[in-house]
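Notes for the one structure printed next.
Going by the order they are written in, the chains are A, B, C, D, E and F; count residues from 1 in each one.
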Amino acid sequence: MPYVNIKITDEGVTSEQKQALIKGSTQLLVDVLNKKPATTFVVIEEVNTDNWGIGFDQVTKLRQIDNK
Amino acid sequence: MPYVNIKITDEGVTSEQKQALIKGSTQLLVDVLNKKPATTFVVIEEVNTDNWGIGFDQVTKLRQIDNK
Amino acid sequence: MPYVNIKITDEGVTSEQKQALIKGSTQLLVDVLNKKPATTFVVIEEVNTDNWGIGFDQVTKLRQIDNK
Amino acid sequence: MPYVNIKITDEGVTSEQKQALIKGSTQLLVDVLNKKPATTFVVIEEVNTDNWGIGFDQVTKLRQIDNK
Amino acid sequence: MPYVNIKITDEGVTSEQKQALIKGSTQLLVDVLNKKPATTFVVIEEVNTDNWGIGFDQVTKLRQIDNK
Amino acid sequence: MPYVNIKITDEGVTSEQKQALIKGSTQLLVDVLNKKPATTFVVIEEVNTDNWGIGFDQVTKLRQIDNK
């Protein structure tokens, strides 16, 4: 009965990538803990880069520095 | 001082249904644990069906199978 | 496929009360949104009163004031 | 390695205010627990006032009463 | 900068299994979204079977039925 | 009506430090967004170092390396 919550920044994640995250997380729970896929939930939350901070700064700002 | 977080898929939930979830959850905490409504929070999060997985698959795909 | 997370203070909640919260939350999702109980998760988290704050103070301190 | 999640209603929070929340939360973890900013995450989630309940009611309704 | 939260029941999960969940989740984020491991957090939360409900019942009760 | 959730490793955090986190977080919401302390919740969750991963490894292991 596992519940997996994945929070990532909303930077153009495709539906195929989301499907890959769901499949991979579920398989991991099966492999490591023998959990049943039918009752394994995976919920992906996409967070705006303005709303995610690390090292005092918004990710929005960090991306601008990366791109310079 | 309870905090209730309800995550559901974003499939046309109306404001009235949200109000019913808030009212019902709060009443449940009052009935079972005698909590004060004034400090009972209910937060509903609606998740895109692409972002919710169960049994290896996105809910989007499961809905397509259901409708066939 | 709902996921309900209930956070409450760890002040002697009994197993029967937890069962009542699980039953009531699940029934609420059935009644309001016609969700399937078989894929409705309810997770209760009990939080130490030292770790829960409201109005600047720990609940531990608020309980001491209540009991005076 | 702290993770701070701030949930607030989505009532016109500006990017500057989000930056202030990120900066302030990170500094708090540095001051109180000597945590490293480079591995301190702050994630802000903005919730629609229809989806947040307190005292049995949606915040949307409470705001209407406040404004009367 | 992903944050992965895995909630599972507290049924004797070993430190090695936790390590495997952390490694596997982090690798998944690298493989699918090219995220940096150095800023990928995985937090595992173990929940008492009395506190986890599915299909109206506590997992504690479901386990007793499974073992009959 | 903000809700702040702080997850940290369970490495001897004192009640006074928890109080400082609660006070500081609440004050931050007052200062930045003019929120009311009476309806500002702060919930601190302490996570075992075996259950927290970063950069593929458990924090338990990282602490052993730090101490060498």
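Throughout what follows, a residue touches a chain if its C-beta (ideal position, glycine included) is under 8 Å from a C-beta of that chain, and two chains touch if they have at least 3 such contacts.
The model shown is predicted, which means the values in this text are computed figures rather than measured ones.
Undergrad: With a step meaning a move to a chain it touches, how many steps does the shortest path from subunit B to subunit E take?
TA: Counted as steps through touching chains, the separation is 2.
Undergrad: Going only through chains that touch each other, how many steps at minimum separate subunit A from subunit C?
TA: 1
Undergrad: Same residues or different residues where subunit C meets subunit E? The copies count as same if more than half of the interface numbers are shared.
TA: Different; most numbers are used by only one of subunit C and subunit E.
Undergrad: Please state whether B-F or B-C has more C-beta contact pairs across its interface.
TA: B-C
Undergrad: How far is the middle of subunit D from the middle of subunit E, if each middle is the mean of its Cα atoms, in Å?
TA: 26
Undergrad: Between subunit E and subunit F, what distance separates the C-alpha centroids? Give it in angstrom.
TA: Chain centres of subunit E and subunit F, defined by C-alpha means, are spaced 20 Å apart.
Undergrad: Mind pulling the subunit B residues that touch 2 or more other chains?
TA: Residue numbers touching two or more other chains: 1, 3, 7, 21, 25, 39, 41, 43, 52, 54.
Undergrad: Touching pairs of chains, which are they?
TA: A-B, A-C, A-D, A-E, B-C, B-D, B-F, C-E, C-F, D-E, D-F, E-F
Undergrad: Over in the complex, which subunit D residues touch subunit F? Could you list them?
TA: Subunit D reaches subunit F through residues 1-9, 13, 17, 20-21, 24-25, 28-29, 31-33, 35, 39, 52, 54, 59.
Undergrad: Looking at the complex, which residues from subunit B come into contact with subunit F?
TA: 1, 3, 39, 41, 43
Undergrad: Which bits of subunit A are touching subunit B when the two form their complex?
TA: 15, 18-19, 21-23, 25-27, 37-46
Undergrad: In the complex of these two chains, what residues of subunit B are touching subunit A?
TA: That would be residues 7, 47, 50-58, 60 of subunit B.
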